[in-house]
Structures are given as C-alpha cells and as structure tokens.
Amino acid sequence: MQLGRVTGTLVSSRKEPLMEGMKFLVVRQIDVDNTDTASYVVAVDAVGAGVGEVVMYASGSSARQTELTKDKPCDAVIMGIVDTWEVDGETVFVK
Amino acid sequence: MQLGRVTGTLVSSRKEPLMEGMKFLVVRQIDVDNTDTASYVVAVDAVGAGVGEVVMYASGSSARQTELTKDKPCDAVIMGIVDTWEVDGETVFVK
Amino acid sequence: MQLGRVTGTLVSSRKEPLMEGMKFLVVRQIDVDNTDTASYVVAVDAVGAGVGEVVMYASGSSARQTELTKDKPCDAVIMGIVDTWEVDGETVFVK
Amino acid sequence: MQLGRVTGTLVSSRKEPLMEGMKFLVVRQIDVDNTDTASYVVAVDAVGAGVGEVVMYASGSSARQTELTKDKPCDAVIMGIVDTWEVDGETVFVK
Amino acid sequence: MQLGRVTGTLVSSRKEPLMEGMKFLVVRQIDVDNTDTASYVVAVDAVGAGVGEVVMYASGSSARQTELTKDKPCDAVIMGIVDTWEVDGETVFVK
C-alpha cells in the first residue's frame, strides 16, 4: 500500500454504471517522511475518509477486494485511515 | 484511476478478434493541477468520450471490469468523464 | 495499451513448456509523437506482426486474454497492428 | 520480489473490516547492493518480520496469495526474511 | 517480459510456507542493447537458470502461471533462458 493525503473530491456524472454512487477522492501520494510527492491517484473511498486525512490505498486488482469495489473497474481504493507510523524508532506522523 | 485528456483516435484493422468493434482513444495523462504530462495511454472507451474531454481511466486487470472489456486483452479503459475536481479547497477543473 | 515498434526477434530454446511455439518479439516503446523511447518489452505476438511494424501491446494479466496466451506466464502481448493515429487533430502516424 | 528493510510500524484503527488484525510494516526498498532507495511500501507481514530486518515482499495480486491476505485489499506482503544474497560471486548481505 | 542477467542467489529460511523449496535468483535487468540497468528483481527460477545466464522473466500475476508458482505469493518468475535476440537486423546477443 502507499500513503496519501486526501486533497479533494472529483465528480463524474457520466461514468460506467457499475461505478454509480461511489465517492471519488483525489489523493496526493506522500513520502514515508510525510512530505508531498508529485504523484496522485483518484481513488474510491471505502472507509469514509475526509479531505485532509492521511490514508493508505491499495492499487491494481487488490483495489477490487473491498465489498464496495468488488468486480468494478476500480484500480485504487482507500482501505485505511492512518493514525500513526514510525520510521527508525521515531514517530513521523500522528493523526 | 488516473486523469487524462482525450487527444485523438487510433485505428487498428488487424487486431485480436476479441477487440473487434472497440473504439481506441489516445489519452494524454494530466496532472492533478490539470497540466499535460509526457505520459499517454491508448485506452478503450466505455463511456462515449470525445476528443478534448477530460476523463478517468482504470489500468491493469481493473480495465477488464466493464461490460465492454470483460475477458478482453485490454489494459486501459476510460470509465468516467470528469465534470469537476477540487484540490485543497479550490476547484481545479470544470467541464 | 502502449505503442511500440517491433525491432527484432528473440529466441529461447529452454523455456517454460507452456510457452512452446510462441513467437517472441522485441518491441521498443514509442511515444505518442512516434519517437523512440528508452523502454522496451519482449512480447508474444498474437496478430502476426513483422519487424518494423508499429503495434499496440497489452501488459500484465490483460496479456493473458488472447486465445494464444491464456493461462500462460506471459505479461506482454501484441494485440493490434496500428494503421494510424491522431493527436490534437493531426495525423501522427500512417502505416 | 523486491528487497526491503523494515523501518517501522503503522497503525490504522479505521480500516476495511477485512484488514482487521493485520500488522502493517513500513518497508524501505533497498537496492541489490544493500543501500536504501527513496521508495517505500506499506506491507502486511506474513512471516513475523521485525523492525530492522531485511525482507522480500511481493506486490500486486501476488500479495494476496498468502493464507493471511487471501481475498483482502492488500497489494504488498512480506513473504520472506532474507538470510543472505550474492551478486557476482560476492556475498552482499548476511543476516 | 523483461530481459535480465542472473547475478546471484538469495537464501530465505523463514518464509511463507508456500514458497518452500523454491530457488530465488537475483536478476539484474538489462537493456535491449545488453547493458546493465540499475533495476533488479528477485525471481523464482522455473527453468533451471544459472548465474551469469541471460533470461526472460514475467512479472505480476503472470509470474504465477508456471506449474511451480501457481497460487504462490510470487510476482516474478524466470520463464526462459535466452539464446539470442536481434534489434534492427543486428544480432545483439548470442548465448
């Protein structure tokens, strides 16, 4: 999984019918030291994440293993809101 | 999913029979601030996107989860036309 | 899918038995403006492509969705020979 | 598989129910000469790895082939703790 | 598939039980002109490759399509030993 910060929402009214009702979030990938990178992904939200929250997301076929995204054309899903992580014994991030 | 702008069409008359009748679009990947990147993808169109439109596309096995692309050798599918998105509280793009 | 130019052939006599009889082509990835990139892939040919031809190839699990490559350890397949494509209203390539 | 060094743990209390009880580790990818890279991944631990240990991890759908991660939205799993490896006849790493 | 040179072996005694008995090889990715790149992968050997040999390897779910790796947490498999390849009419490599 990669880490990201939810930076906003995305609206798509004309879309694959299977994606109806899903919430799309724009997620900026962050580095392990909690700094922004240039990469982003548009992910489906499976955990009720809000703008500004730091999250974990799964990519590829693993993004289809939540109840919400099963058998859907979805290649990125937010599957956890991050409380905290440590690197080399130091706490890098606390929610 | 990634964001892209449909920049043109592609014709392939000799192709895998399973791909018969599909519309191939050349999609330039765009960044979250709505600027072009150097990356592109040739994607199958599942939503009736036109040249110039900003779209979301899914990659990998997730590109085979639309009715159109099921069990086809397709690794990129346009599955949504984008109306608008926001980053850090500002609207970046409006259709 | 990505675009590539078939630059040559590859021979492998000791290989996974499931790959017996397959034609391996060395494909240089090309950009959307029809220039060579530094990337390449060794792909199985599902459409009878010849050296010099511009092709589309699918990667990952989608490369196993042709009759030829089904359930084989193959992660790249040529699934279309390209006739032409357009970018921003201009024809970039004609076969 | 890629090589990595476990650098820390990550806690996510609000997550996809299927991920309940899993241990998330922050893994810094290392190069074949045993130096750190800028890349990292958050991986589920399937082998009881500890902070500081050098591990192998599998990505994508292969990350769901352990008993622990089967059918879960997990795209990276630690599936081996590394004892030693050699490059060009020289031992690069010994646990 | 990508091309690589087997540069060494890797030993992992504590690993996912499904991976028991597999031979792990450190493979340096090579370019189409037969020069080393900075990338490497740890791959399972399905064809009896030796150190120094030039091989093809498949990645992702395709790496699980050999008899040896079926349903295993393996994302890279050596599925062919390369005899020779050509680029633009010239032989680049002969075993």
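So that you can tell them apart, the chains are marked A, B, C, D and E in the order they are listed, and the count of residues begins at 1 in each.
Please note the rule applied: a residue touches a chain if its C-beta (ideal position, glycine included) is under 8 Å from a C-beta of that chain, and two chains touch if they have at least 3 such contacts.
These numbers were taken from a predicted model, which means no experiment stands behind them.
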Other chains in touch with both chain B and chain D: A
Proportion of interface numbers common to chain B and chain C (over half same, under half different): different
Centroid distance [mean C-alpha coordinates] between chain E and chain D, Å: 20
Computed distance of Cα centres, chain D from chain C, in Å: 32
Chain C residues counted as touching two or more neighbouring chains: 60-61, 63-64
Ordered ring members, chain C first, chain E second: C, E, D, A, B
Chain C partner contacts - residues on chain B that touch it in the complex: 7-16, 18-19, 24, 26, 28, 38, 40-43, 51, 60-61, 63-64, 71-76
Complex contacts: residues of chain D adjacent to chain E: 1-3, 31-32, 46-48, 56, 58-66, 69, 77, 79-89, 92
